[in-house]
């Protein structure tokens, strides 16, 4: 079953087609990678799925239901979490508070109860804290930094905290926008391990945008290739790697001919 | 109210709007140049008027050298403010910058009070009082001449920005400081010039206003009403400042005619609220696009 | 030197006051506050009441502006709404402990209306909208005579409890200070929960806040309503303290005063609101004391008092912004860190 389906999505900004009739699916429990050259529309696709952009045409179905008209802030509650290409953490807060924000949709306390902080609000917060410690902080091995402020962290750790925040949302589908961009080899390997664990142990469906082809080919079950806002290929990593259109998009027409020759 | 009276109020209002447009231009210059709304604009006006009072009335200089000294003083003040307050704060959140200019305004207000006292002073009437008749409509002389002065100044500034090398550099620095810097434009210098020019427009507007009414530390309050003009016209639009200045001047005059003097003070603020609800970036302002 | 405190449960880690030393200080503070009007003279009691009112109002503004990032130049007007509402209710015979929250609610209702555009307009534009609200409300205070008494304002009866009139600064102190303490604790609690975190998230990055499931409209309006509720209660207390509601009390100058207080104290810090309000209340008083001391030798000093006040006030705003943007709260943290580690160097 496909938990997330994008069907014939089109989106443009002042005459420029960012997405042109894009259809793709994320099968339940799998890792789907979206790749493509810069400006191919990968992040626009994520932004449309998160609800920042209103596509002109097409549908986005989550668990079979069209969520095209659901406001961005309500999609979190449905089970859709994401990270950003440029880390988007809240610098005015500690690591722990940033992660707690992921639990926002799961809590119910209103302002009055919060100000009173005796009944429900306190109970909820305690439960959230215990859950985050158990499920997220230990899992991602960030217990040593929970009290630090974001600005004090190295870039690789910031990315990990952002993943932690997304996990605290208890998502069904996790959208990762360039999870290893700017990381060194060791950090990249850690991140790959976390992503695989998230998929295998928790059964969370992952969709990621990434330029690191090594990572994409290693961990994903499906790969979708975008170029100039169109899907030009999709399939298993091996199929995509062999596709002439993909080689052409990345390396140009000449290289594609050469590759065909050699094959 | 008959049509002729309406016409008369309209003409007077439009003429008064010229002055509003001049003050608004001071705001827009600074906003375009440095992304700051200068809440101390009114105090720049007030300082200009006081300096002119000192040089022209107290020192009894002829009005031309007095004006030159005043403008030099205000230019120095503008440069000083840019260097000591705004430059250290560049890149800070909006609230810091808003509050810094409010704080600056308070300092200038207090300084004027300390130096010149809180009482009303009188500047000599610089503009001829003799009313002018256009057909059957009477226009008070001061209003007409202040309009003419405002138009001349606005025209001069616009020409300077369009044609001079510095003007072009300032526009470039305003639209994209990083690229401008890379192209060899001294962004700090343009930012300083921006504040100097804004100070100059403010000073001239202040002298005109003070010569038509009276001079006290409260003179600067006029500028708060001009915020309505720049919201209506769009914070970064020179054309908007001019059109909106005339429009608000007209609206104020007609409100006085139809409803009464009390409601006049309310006009700019009601306009602000309505515009922000309906068209948040004003008539000619650039809509800011947010990048994710 | 303290070696550290050790916490055995998450509940303990989330508590506000953990160590015995902290608890002892807290107790001392409560006792001190309760005994203050008896130990201090009438002048200091007067200042303390005024300070309590300023602290409540500044904390409200800090919730809106410091924590949520919605700049308000109309805070004094919201206070005015509370003050007039309380005056109206009190003159209709409503007891003070009902009138006061009513004043807060009236102010929160107006705050909601003013806050609605915050979804579409941001930063400077919103600041100018609140400035417009300040002037429009000021106009209403002056002109809606049947309710507000016009430029002369309206008087308030003394509040009474169980038939006993609460008169004099000392009696009012025992209303204002408990109210201030309760509202400060409530504000502090708010930022231990999802609601407070949502506010900060909106201030720092509203777009990523939305992805986390935070509805911008809902939380911006909540912040505005809470902030104006605080202003309204502070305004009501102001009314009971001065026994009058007048339009010039709630002018733009007072709005700027509160903004200055939270900047000097520290934006987005409850402690900052307290320190800033205290500092900005004390400085003019200190200036007055200095002038009174100098005046016999240099008589013109009295004339210069009012302009000097303005210059010092403005210089404090600018000075803190340029040199210590995180305000007194940050200075306080540095001092504390120093003593924690003392005698070792940091």
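Lettered A, B and C in written order, each chain numbered from 1.
By our rule, a contact is a pair of C-beta atoms (placed from the backbone, for glycine too) under 8 Å apart; a residue touches a chain by one contact, two chains touch by 3 or more.
Since the model is a prediction, treat every value here as computed from it, not as a measurement.
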Checklist outcome for this item: If you tally C-beta contacts per chain pair, the winner is B-C
Checklist outcome for this item: In terms of CA centroids, furthest away from chain C sits chain A
Checklist entry - Where the centres are mean C-alpha positions, what is the separation of chain A from chain C, in Å? => result 42
Next on the checklist: Report the inter-centroid distance (CA atoms only) between chain A and chain B in whole Å.
Outcome noted: 49
Checklist entry - So how far apart, in whole Å, are chain B and chain C when each is placed at the average of its C-alpha atoms? => result 33
Checklist entry - Which residues belonging to chain B are in contact with no fewer than two other chains? => result 292
Checklist entry - What residues in chain C touch two or more of the other chains? => result 207
Checklist outcome for this item: Two or more other chains are touched by the chain A residues 52, 84
Next on the checklist: Residue numbers of chain C touching chain B in their complex, please.
Outcome noted: 65, 69, 71, 117, 120-121, 123-125, 127-129, 131-133, 135-136, 139, 143, 207, 252, 256, 259-260, 263, 267, 304, 306-311, 313-318, 321-322, 325
Item to check | Sites on chain C touched by chain A in the complex | outcome: 10-11, 13-14, 186-187, 189-190, 192-198, 200-201, 203-205, 207-216, 222, 226, 268
Item to check | Of all residues in chain A, those that touch chain C in their complex | outcome: 50-52, 71-77, 81-82, 84, 88-93, 97, 100-105, 107, 109-111, 114-117, 121, 124-126, 129-130, 133, 165, 169
Checklist entry - In the complex formed with chain C, which residues of chain B make contact? => result 37, 84-85, 88-89, 92-96, 98-100, 102-114, 118, 224, 227-228, 231, 235, 262, 265-266, 268-270, 272-273, 276-277, 280-281, 290, 292
